[in-house]
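Order of writing sets the labels: A, B, C and D. Residues in every chain begin at 1.
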Amino acid sequence: MPELKAIGIRVYRGDHAVLDGLDCELGTGRCLQVTGANGAGKTTLLRVLCGLIEPEEGELWWRGSRISLRSPEYQRALCYLGHLPPLKDDLTGRENLRFASVLRSTSAPGGREAAIGAALAEVGAADFADRPTRSLSTGQRRRVALAALPLSEASLWILDEPIANLDAAGQAVVASLIARQLARGGSVIAATHQELGLPASSRDELVLGADR
Amino acid sequence: MSDFFRMGGYAVYLWPAYALTFAVLAWNVLSARRALREAKAEARRRMGLRPEPRS
Amino acid sequence: MDWTWFHKFGSPPHVYRLAGTLTPWFAWPAGLLIAAALYGGLVLAPPDYQQGDGFRIIYVHAPSAWVSTMVYAVMATSAAIGLIWRMKVAHAVAASCAGIGASFTAASLVTGMLWGEPMWGTWWVWDPRLVAQLVLLFLFVGYVGLRSAIDDLGRADRASAVLAIVGVVNLPIIRYSVEWWNSIHQAPSVMKMDRPSMPIDMLAPLLMMLLGFTLFFAAVLLVRLRAELLRRERAAAWVKEVVS
Amino acid sequence: MIGAALAVVGRDLRLALRRPGQALQPLAFFAVVTLLFPLGYTPELDKLRQIAPGVLWVAALLAGLLSLESLFREDAQDGTLEQMLLSGQPLAALALAKTAAHWLLTGLPLTLMAPVLGIALGVPGSAMPGILSSLALGTVTLSLVGAVGAALTLGVRRGGVLLGLLTLPLTVPTLVFGARATELAIAGEGLSGALYLLAALAVLAVTLAPLAVAAALRIGSE
């Protein structure tokens, strides 16, 4: 049974069909890399899959049952990271993550602060987590935002350009984050042209706009 | 007849009220018909530009 | 239950053709009724014992006010249907309503003022009906403004539908609050318009006008709806059939 | 759900605390508008007292409106609004929390400031409890109605003007009942009737407005 399956997704912008009857499938414990030219609808597809955009037509199946994109159970099970790191400039990285964690009502068995500390250490952001976000560089912001992924306890990660603006070390962090998520039995959808650094055995690819 | 148009001295109020209301009615008719005409013309123009492929 | 009628009303080509067929059935009776009511109201009806011939403004004022309220009701209902069942045709109906509604609301306000000046000696009275009508005009204008400010049609449809529904909840409250406010600040007798009974030769033209304006609105709405459907569905195959 | 809503309130309050200048702007606006009236009308306190209810309420309304424009805009721009939409929490509850924070940061300070401005308009000290209670209730409704407008105009061209056009007509009932309550308070008469009506409006707004805000936010962030 696949983790997530989308059938016949159709999204219009005016007359133009951004996604025209798209099917895709994501296996449990696998990473689906979405590629395609600019304007092929990568971001649109990701936003449809997390329920931000309601498609004109199409079905979504999650763990064997058809769901509404806005079902709270599904949304609690997914964590979306868009190309902007969702951080407040006036808060520190740690405060931002604390808010994200309480907002999702994560269980954090070992205590919330410990979980935040562990997540920050995992992405190598512990050194600058207590500085106001406005003083951080673009790459540092991305790292703080990435810490929200392990913290979210989500089984499905949906990532838009996760390694943009990251140096080699940062890209390695993303690769290891994804690898650990897959090893835990979670799944990942990532839209990027760059190499994610994953073994081909755990990776599928979806090329958008290939038939045009 | 001129009595009718004088409307018992209320002509200055009554006739503008009628004129305005009927102007609104006329505007509604004309603008609706113009909208339909323009929408049809636009559709024809698009059809001319992008003819349906014959199968 | 058989839902095919519901799906038929959700199908743009079907609605387009139906609207085209129905338009004359509304337009002609509307024209005849309005013409007959004009004759009845301006010539046959006797002058009012208090207001003389001035009362004849009622034959254009009351129908305009009535239609403006009805347009809002139709607009909000179809907006709600469009929002709940994601029905494109319903959104097209709501979009077609706003301009008609705004024009009739403006007409009712101005004719109300033209009636007020000879009757109460002032162009404007802070009367509940006038204030509520003014708020209605702002709602129509705001609705059009919101629609035109959003580029994406689907978003504009749904955002303006939320606004229309919010307006429906608010209009009665606004009306009530202004009446309450008016009862404090003004003697309520100033605006007493309604009388126990109107003689039949005065009432009949009024009823004919009300019906005539209603049918007129229906006819205009159907024409605008067809234009709106053509514009929205310009890429669809059925449009090519109907315009060629 | 309650924890998440409280987190939203707490975060917005903390953000305002880090930018005190921004939070004070509506208050300064309220003061400036109110104090323009003696200059534009008359310095005689007896006459000013008559128009004080209307002046205080209209100025409070405009000051509140000024701060509403950014209610959801900043969250939408930095992406935290999307995280709220996707949190799996009922969006109406989060919308209510955002509005509650807005009221704590604008409605409440405006209310507390009104007596001070009232003195400048010749309002007697005995009217202050009435002014405080009516504004406290009325600003709740204003924040909620305004939040609907702010959510509808999210990401819209020239949203500020449109926000005013959409919101102000809907605030007529609050203005009517609020100004009347203030008038009664100044005249030293019982104002419980007007306060009940204001409370009824506030309850209605608390129940319905969050649903409209939630719907508008989903539409606005597509």
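Following the convention adopted for this analysis, contacts are C-beta pairs under 8 Å (C-beta built on N, C-alpha and C of every residue); 3 or more make two chains touch, one makes a residue touch a chain.
From a predicted model like this one, the values you see are computed outputs, not experimental measurements.
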Relative to chain C, chain with the most remote C-alpha centre: A
Separation of mean Cα positions, chain D and chain A [Å, integer]: 37
Separation of mean Cα positions, chain D and chain C [Å, integer]: 32
Inter-chain centre distance, chain B versus chain D - centres from mean C-alpha coordinates, in Å: 43
Centre-to-centre distance between chain B and chain A (centres being mean Cα positions), rounded to whole Å: 54
Of all residues in chain D, the ones touching two or more other chains: 222
Per-residue overlap in chain C, given as positions that touch at least 2 other chains: 152, 154, 234
Chains that touch, pairwise: A-C, A-D, B-C, C-D
Residues on chain A engaged by chain C in the complex (per definition of touch): 12-15
Contact footprint of chain C on chain D as seen in their complex: 148, 152-153, 156-159, 162, 165-166, 168-170, 172-173, 176-177, 180, 197, 201, 204, 208, 212, 215-216, 219-220, 222
Partner chain B, residues of chain C touching it in the complex: 34, 42-43, 47, 52-54, 56-57, 60-61, 64, 99-100, 103-104, 106-107, 110-111, 114-115, 117-118, 216, 220, 223-224, 226-228, 230-231, 234, 237, 239-240, 243-244
Chain C residues touching chain A - in the complex, by the definition given at the top: 152-154, 234-235
Footprint of chain D on chain C - complex, ascending: 83, 131, 135, 138-139, 141-142, 145-146, 149-150, 152, 154-155, 158-159, 162-163, 165-167, 169-170, 173-174, 176-178, 180-181, 184
